[in-house]
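Can you read through this structure? Questions will come right after.
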């Protein structure tokens, strides 16, 4: 059988990669994707924990997370569209009129 | 005892006069003002006489006669009452102050006739009378200090009376400040007295002080400290070295003021105070020596300056300083009685001198430089004769008042130390020299003024009468001591003695007994008289016989002459050594450097630093979310590491 | 020793990580999106491996299917081009990315260290019934809330995306 | 298997809020645009009713929905704050919405939903429920932040808030996952580490991440950088909401976790300490150099988060956390009132498009609109912490708590910071009262709704500043019943 | 104790006045002035009642009012008057109408606001003097800042905003630390089992040894309190806010500032620092005395070289208050009485000086000495009264200044002859800077012909200054009237400073306990299993 720690480490790695992506990417869309990546990592953690502990909650949480992700996606994409509409760019680094 | 029991009336009268004139006088015309001022002074004098009469009827055990009217200050264990006291010493001072003061009031009505500040002048003058009376009637040191400061105030006001003149106001400030330095000493002395005796009443302090064992010679014990501190005050008020500098400048004031305040009464307050505290001084040998030496040196020092002054009032001013020196010399050698005696006679003849000089100036239309006078003998005979009498008196011509007092002082000094005596005699010679110089320059020789510019005229009666009265006093003011020469008793001393024997063993009395009883001839041919004579002859030689002589002498001894005429450059010294540095330090260092740079700089610095750091901090908000995310991750890493590594 | 499951896991894990890395490295958002989809599919596989079939299914259908399609759709809509590697924020570039790596290392290390000894749990498959009972009994409250969450999302999309009728 | 009635009672406020939210949404299409202020009125009623509805949880306290939700005096207190905030924001923004003709319907609906989310956070007794509540309020706020669709700054604010917010949420969620793994449960009262020795580390990381997620929400340094941008860019009424409701809810959640999970407090103590200190300085110092009042207030709210964190630190430091908790709650009340008022005033004075929010534009306000200036001064003074205002007593209690836990140094830092704060608050007063206006600005008439809000806020501030007894007593009760 | 309301009335009457003012139209200046004046007048009249009913021999507080205000932490609305505060209140109620009169004409901008601030200020100050609860005290202490801030900032001159900010920030810096100290003290009492903010109770607890502060704690507490008060006084080197504030403030502001606000610092020292922390006070007395003496001399010297009259007077305040602080920290009954008396004197004579300067300013709109010269010719009356005030503040006998200074010196000299001797130097210097500036302003011939036409004082101004002069004279001659009433206080404070060797614990009824809410019965709501809630307070296990 596969030791749980493998899954957990994998989820940690994915989460970390998500974080790196968030900082590294410039396109708002991809940044948003990196958030999705992080959420997925969390899901993995949930699933493997639920399996480890033999409790189903973990898996239930995954549904909730997915729903939340969906909601965020709807709103986030709408905001992104607005940004693109008003500024004609998706590069976060050009969206910095609010500062200091 | 109508007056003695209501003693407060005497000082109150002049105060009322001052208040009335000062506050309401604006609307009154001159007559009323004159009436108010004069009546208050006159009444005060009359009541003083009555008081003296009543005093003479008292039994010895009722003396000192003390009346307490109300509590002025009381806090914790401390209490100072508004209490007046009369004893022999007070009586003398009372007569001098009210009497001379009264005369000078009269004189002033004439002298200030045309001055716009007439009302102001008289309210000040009355106020002065009030404070002076408080000073001498006070029954404790604190109330005495009230009068002490008060007369200082009035002197400030009256010196700066012509406040449009820069020099006058400067002189006023100088007088007040220098006096304040003295008062600083006096105040500390008073504090020390309170700390030592737990009270400030003469009636408590002096007997105790007398009862204490004297500080060993050459050492500074409590009593000596007190005595010295008090003497600092005295030196300030009575213009002794090194605090005399204000008195010559004080001549900026109107002449009657110079006569009353800066010759007859206020400046002698120091002497009075020392005599009043003689019980303390007697047990403080070091202090006694200091007083004597300072007095003697001042006498000589001022006399030398007086030799070469050309301003008639300046001469008199320095002579005043010198004479005050005599009085302190007397105190220093324990002859307090003699000191007071000289104080009195000096009040007569020096007051007279000033008033006469005043009427000369009046006659000359304000001219004070003797070199521009001369030959006034015929034009203003009264001024001349009175002044002549006064000169004889101050020069110590036998029979005149000055003769007795000065002679006595020197006798006493002789007993204590020949050196002091020698210097005293020398001073006597100088005194008669500069006084006759003044007389000759002013009244003899050819007239050195322009007949058409100034028409010399005799003063109005209001001015001449006081002159004559004072002249009479200057002649016979000293006769009370005369019998002594015939081996009799010195009535003055005898009268004063009870006030001076609060001490367990009155040194004064001892000295006196040893000093007394010389016979006439010795006295008449005594060194002082000789010296005086020499001085007179010298003056006659210089200013009548060969008027060009002084010039020659001045050239031959030019450095000495410069030193004298430059007043030993003491003022310049003070300016350079004290005043300017103080101002510079306060301005450049304390204010600008410390206050503005250092302290405020620090305060504003804090504000600046926080603003700067704020500016740095807000730079973190680049507006770029990638950097924000970086910060967040930074926080995450730090905090998780904190948790994982640190916390456990 | 490598059991089939472990081998399976390793493969899937490799795919996931590769997908994630390519998500980072791809310049064109569409490629990133696709690599994300890869990640999700692989994750679904991992769920299956752990016997969470239903979750795996949802993962494929909702996540990869619905959400990512939405992404792709938006990318097309805005025809977002390649992202040019601007580097306005030096902080992010020189501090942020390394920090990210540090973070990854730290968390992975600690979790690995902490759970290394846990060993493995049997992969008995979860019955959907139990899942649903749990969801509709215990967790009915958050479940209801999620409905409002979606309502909010709808509202948001409505508010934000619609154009002013005025212009 | 319908949930028992009591459970419904216990979430009555949320039901009311969501119900009215939906009602407004349903009415929106049928009511003509012109009459949308009617809908605002309806949602106002909703908020008010929600306040009233808190009577039920007060009447039937206890755990609901198999222990996911908990109604007690603590959640009650927080409910009052958030519902009150919602009420005031809606009332205060009516005029604003009309002026900038923004649609009132969705605006109010979103506020109601967000508030419901906050309510859930306040009462949540289980982490995932809390998470859902958090998401409700957050997502709603993302939308609200970009409510001025065609204002680039508004969108930008929304974008930043959204991306960073979800970023932080991911951490929060990961934290939940890890602590779930460590304790085998997400019910706050059951979360004790499992016997195995992996649990401790996992719980550490988990709670650490949860802390970070919450710290982000309450705008505590070093997670605060989004705050000024978002607060400045978002429409001022939304800023008013953001700076009060969600913050209060997040603090409530943090307190709840801290008090319920035994491991949390000692783990968080140092983090709280550092965050408090950093936030105070970061907020105050950067606020000094601001030229825009709106942004300055944003920074000041960071500083105030720091002050409240001091109270939390105090609570974490002792086994008698009541004083810390009570202080935090009281502070939140005063703070919410004041910040609400201040931002609404800025919203009004900003004029169409909120262009006039610089200090320069406030010069001579005392002449133009004395009442307005007086109110703003009162609020600023309260933020500055001068007596007879709620702000002072808030600080007073925070100090008290800090000292009770022997956090002398933190107290002294707090003291220094309130002096620094004085500097920039007074600068605004200087501008309003002591400078002559640079440019001539025409004063707009104040809509009665806004003035009503301002009066309420001002009165509340002074009242709480003079007679805090009731409030602090209830806060104390809440603190005692937090678990 | 019998409940009276006089103190509350005194405290809040001015605020009531401001409420009335708010009803008036903004431009109805005449009636605004009249109303303000009436309020202040009535206030003064009422405050005289205090004097009448005051029992000079009672040691404790009189006219006490005691009501519970905030139950947790136990904060009481506790007011009372003793010899210390009595005359300070009278001073306040006297100076307020005076400054209203003084600004009758000179304030024509935003008149309403001005008088409102002035009256609120009065409330704040009186509140400070009457409150016997640390919390209440601090409340008034801070409230008072705001009106003053406005007075300086709105109606001031020149760099008024800088000055106002400086004033507030300086004061706040001190007072916020004091707040921390207050709370710390409260915690200590709470832990000891007697939680209280009540001043008299604290004094009792500490002096009868029920609570013994650890030395280091006492030092820190003393430091925090003293810092706040020293800034207010102000004590060198914390004085630099004063010259700015004074120079820029309007006349009324300066009068209140110098007359009353500075006294709050002294009051604080006497009311709190000495009785509560005698050990620390004794420990630090030498250093404080040195600072005070530096202040005396430094202030005088800097005043000497000022070019701006108001600045000069401001620095003279630094010098004078140095005397007061010295007197306090000599711990001698005489000197403390002197200090109390001297702060009244300073209020009057410096107030008078500021009024005079203000009258000059009204005519010429400048404070620069160089702008004047020879003013005595056109304005003899002002010249006379100004000189009078100068001598009052220079400590001329028979005027008020002397009595205070002398008592301070006399008392100090008993213990520390050296301190007194140094301090006495101030007596010389004060004469120097006052008379020198006076000469430059009033004496000599007119330097500028526009000064030649200045009108002399009108009836209102004369009235003001005559009143001040009369008081100066009275206080100079009739000092026992005051000292008799402050005697009991000084004895009391020195009594409180003695600490018994043996502690008699349980001197007071023990109520409450360490934590703020432990005496709250844990609240149990129906429907909850009360077990989970019982004794919650202790059950939260944190380490």
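Letters are used for the chains, namely A, B, C, D and E, taken in the order the chains are written, and counting of residues starts over at 1 for each.
Throughout what follows, a residue touches a chain if its C-beta (ideal position, glycine included) is under 8 Å from a C-beta of that chain, and two chains touch if they have at least 3 such contacts.
Bear in mind that the values here come from a model prediction, so they are computed numbers and not experimental data.
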Common touching chains of chain D and chain B: A, C, E
Mutual neighbours - chains that touch chain D and chain E alike: B
Centroid-based (C-alpha) most distant chain relative to chain E: C
Maximum centroid distance from chain D, chain identifier (CA atoms): B
Per-chain Cα centre nearest the global Cα centre, belonging to chain: E
Pair of chains ranked first by number of touching C-beta pairs: A-C
Averaged-CA centre spacing for the pair chain E and chain B, given as whole angstrom: 41
Whole-Å gap separating chain B and chain C, where each centre is the average of the chain's CA atoms: 103
Centroid spacing, where centroids are CA-atom means, of chain A and chain C in whole angstrom: 6
Distance between the centres, which are taken as Cα means, of chain D and chain C, whole angstrom: 31
Junction residues of chain C - those touching two or more other chains: 88-89, 92, 96, 99-100, 103, 107, 110-111, 115, 118, 138-139, 142, 146, 149, 152-153, 156, 160
Shared interface positions of chain B, touching two or more other chains: 618, 621-627, 629-630, 633-634, 636, 640, 644
Multi-chain contact residues (two or more partners), chain E: none
Pairwise chain contacts, counting only pairs that touch as defined: A-B, A-C, A-D, B-C, B-D, B-E, C-D, D-E
Footprint of chain B on chain C - complex, ascending: 88-89, 91-92, 95-96, 99-100, 102-103, 106-107, 110
Of all residues in chain D, those that touch chain B in their complex: 159-160, 163-164, 167-168, 171, 201, 204-205, 207-209, 211-212, 215-216, 222-223, 225-226, 228-229, 266-267, 270-271, 274, 281-282, 284-290, 299, 420, 423
Chain D partner contacts - residues on chain E that touch it in the complex: 69-73, 135, 138-140, 142-143, 145-146, 149-150, 153-154, 160-161, 164-165, 168-169, 172-173, 176-177, 179-180, 183-184, 186-187, 514-518, 520, 522-523, 525-528, 532-533, 536-538, 540-543
Partner chain E, residues of chain B touching it in the complex: 71-78, 142, 145-146, 149-150, 153, 156, 160, 163-164, 166, 169-170, 172-173, 176-177, 180-181, 183-184, 187-188, 191-192, 194-195, 582-583, 585-587, 590-591, 594-595, 599-600, 603
Complex interface listing, chain E residues touching chain B: 166, 170, 237, 239-240, 298, 301-302, 304-306, 332-334, 337-338, 341, 374, 376-377, 391, 396-398, 402-403, 406-407, 409-411, 413-414, 417, 420-421, 424-425, 427-428, 431-432, 435-436, 439, 442-445, 477, 479-480, 483-484, 487, 490
